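Inspection log for the structure reproduced underneath, given as structure tokens.
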């Protein structure tokens, strides 16, 4: 999996969560995870999570966005597990940067106190699995109570680079693990 | 997913990582995660991870063992992601019990300082996906430098019950998430 | 699988055979089979079976409709088998209510004499498998010769409740069966 | 799917439920359903259904056996659906031969009154899906209360030929149905 | 797989690479490979290969077109392998007709000298796998340097019929091979 | 896919066609294709192709062997397509080295005149897809009429290196192709 930081600021409006957006934006061919900074304003027709459709909207002025597209092993069940592992790893990276951080993961969401630090969705296209995960960089523009990296004095770019590196490393180790394990048979009774 | 603590102490020798062992041992039918306490002494012919075959052996006198068998969505790639998420969740549970804990996850392994706290393997059978994850309860019997729950003053049974509850909850939320998300199309260009 | 009768009468126009319609209509999350009573008037652009596109149209004034969406194991081959089993079970339920019934199943269709008692289609969405099955409650409005539950003096609601219960029970037993069977090897020669 | 009656009487001992047994026995290459008459005496080590291992044994003196091996679409979930549809079709065939028959299907089992008419199992091999289904031809040798085709005055060979023909026809229609159906999208809201 | 030559000349504009086009055009139900002769002028919105979107366009005045739709085993990875095997077989057929032919295959493209002899794409629909492969029959209308069957003095119809026959034969032998091979276990160490 | 020539001569006896043999022999982790030179003497219990079991045996004194193990996309249908593409590519490589070569591919077999130049099998393990392909280097030891690279004055090592390079390149291009293609919808009618 190729992981890359995109310098250019972009507004995430949901259309980025589409097949081949990473290819079009960056020229990367293959499984990839990219990150960039910018506002979030998801258009209602691009909302993928039906639980959010009648909600307060998905928006914030300043977030660090991650978009992950995988063309191999594209099932939605695996996609949601990838998403959860990404969220868990994000929390681990934050704790590596701020060892005294009190935060928690609830499914695909991270919370600091009662402030929601992140948003996320995992879905599929006919050719790939797609994940969006984003962490508030600073405050402003959100329809719910949020927490932000600025509260934690964590630099958004440093956090993103660290998470990208960690994900690249873990996906490589997962690919290796799959190739080194023996199948098992039936329990003898 | 049914999660259950097994009171009876058992030695984990690797044969438990076989299709239908949970069914035979507990009568549970279906996807399940069970935990029990006991020694670990994996027989060489039961070692699933080929990276361990020429290693120092897999053993410890007192561990909390988790065995997970899933009959739905049984691919090995998903299996390894389930395993990683289990490891990450174990660390989150430990931090919930000891907020000042300094520990880290490296793939499927947990470390406290330079002591290895856990072991794990994910594999497949012709009908299911199987995961073993175990955490040292106390010291003794291991061929490598380890850390143990006793170092952290964490009760093994309480830890296990908490992790079982957390995994049951997350698997339920994953199953729900899969049913609420819209597929996405191609990026318009 | 959650099975539910919907009291509200609705016209089935084909749009109900879409991903997440059950969720939107009932709030049920996950694999589900719902039933309701109402007219059938499938819009040409919603016809899924290409064999029907140039046919006489799909319509009837009063039917008992079943809509089934499955998010797990979503292949079309399995979908068509689910559909056939649903049709076969419908016939079994009818015979349980009218032991002297002379009727037959031909693929996904039920016939009483030369009257077509039912219509059905199985298809897929990017996230699920979808099945529509409907049985004529009373006569009227159909472009072909039909039979109806009224001919058999079978109450549509009672039939629907019975079929829903039977399907829930069989799907549960299928899920169990999958988790209790050993794989087999090669024939020794 | 090739369907064939095997004239030679054979004892079904469970070893026939193995990959490529049909190929070895008949020379048929590909998805096939074969039937033959003979005793049933399943060796304990060949029992596939773990629910039967501690049971009274699987035996009868005179049965009509069906063995089905499918190399395409080999998932166990589909396999169990194929099995259920085979059982349901067997009942339909019997009712076609004896319209006044009072019998019922409970999952993969057929009953006449409180007599068990049939046995069945569905499982997988690394290369295929396998199903055994057998109906008692005459009485004798069974460890439980059974019903038999002789009670119904149904000729075993005629029943087998009719069921083979029906299954061949339905599998052909299922294969066709898969190729004529349009996928559906998301429900518009 | 049914293979058929279509006598009627048609312009390939990319819309033929859609689910059920073969069914609509020919009435063939099931996996099929059809061929016809005609111009090629792919509309930009029908271009499937993103690598071609900003290219010189996909056009030629006179080609032999092959369209392949497979409803069984529809994964894209398999689809691309089918495509490559089709290209390789086309070259073998040409060499069978012109043993002294100097040509080469580069992925899915055939070249004679520096002239591009063919174009191709493999993709998926929600219900099938689709492949387009076309060979220049005569010169004219192409935006790049091409070679054509006329250069080789190969009759387009004869070539098409020969390739269709070869593909039908190989797909049959592939289907057979799948049903005659034993699975293997783990290497003993 | 990692491709590597193994200098050490080894006898291929069929046991090499087992999960993780490449890993054990070479230390390569992941999808790999390796080649080596040596005799061929397949033990009867290691024969994977049931069509060969009652045949004259699989043996030759001096062959160039290729063993391919793929852990991603492991279905047998894809495996057989990979095998056919490997055979086709081998012929292309030979023609690149001897442009005047008259040879033909028949499924997975290559022939020069009436001499069989190669043998091959594709199968699966519970964790991978496995392919063996071998070409006679010199004459001797075969139970059937063969052709050999020595007849063609082709150096076995040079041929192997060239085929390894070609396969690595094509698999890379296949992986790329999968990530650059848009899915297509339904044909408008």
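Here the chain labels run A, B, C, D, E and F in written order, and each chain numbers its own residues starting at 1.
Everything that follows uses one rule, which is that a contact is a pair of C-beta atoms (placed from the backbone, for glycine too) under 8 Å apart; a residue touches a chain by one contact, two chains touch by 3 or more.
For clarity, every value in this text was computed on a predicted model and none was experimentally measured.
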item: Contact-graph distance - origin subunit D, target subunit E; value: 1
item: Classification of the subunit B:subunit C interface as same or different, half of numbers criterion; value: same
item: Chain of greatest Cα-centre distance to subunit B; value: E
item: Centroid distance [mean C-alpha coordinates] between subunit E and subunit B, Å; value: 48
item: Centre-of-Cα separation between subunit F and subunit D, whole angstrom; value: 39
item: Chain centre separation in whole Å, for subunit F relative to subunit E (CA means); value: 24
item: Junction residues of subunit B - those touching two or more other chains; value: 19-20, 23-24, 50, 73, 76, 124-127, 178, 180-183, 186, 189
item: Contacting residues of subunit B [partner subunit D, same complex]; value: 20, 23-24, 126-127, 182-183
item: Subunit B - residues contacting subunit F, complex; value: 50, 76, 124-126, 186
item: Subunit C-touching residues of subunit B, taken from the complex the two chains share; value: 19-20, 23, 29-31, 71-73, 125-127, 175-176, 178-183
item: Residues of subunit B defined as touching subunit A within the complex; value: 15-21, 24, 47-51, 73, 75-78, 80-82, 84-85, 88-89, 91-92, 95-96, 99-100, 102, 104-105, 107-108, 121-126, 130, 170, 173-174, 177-178, 180-189
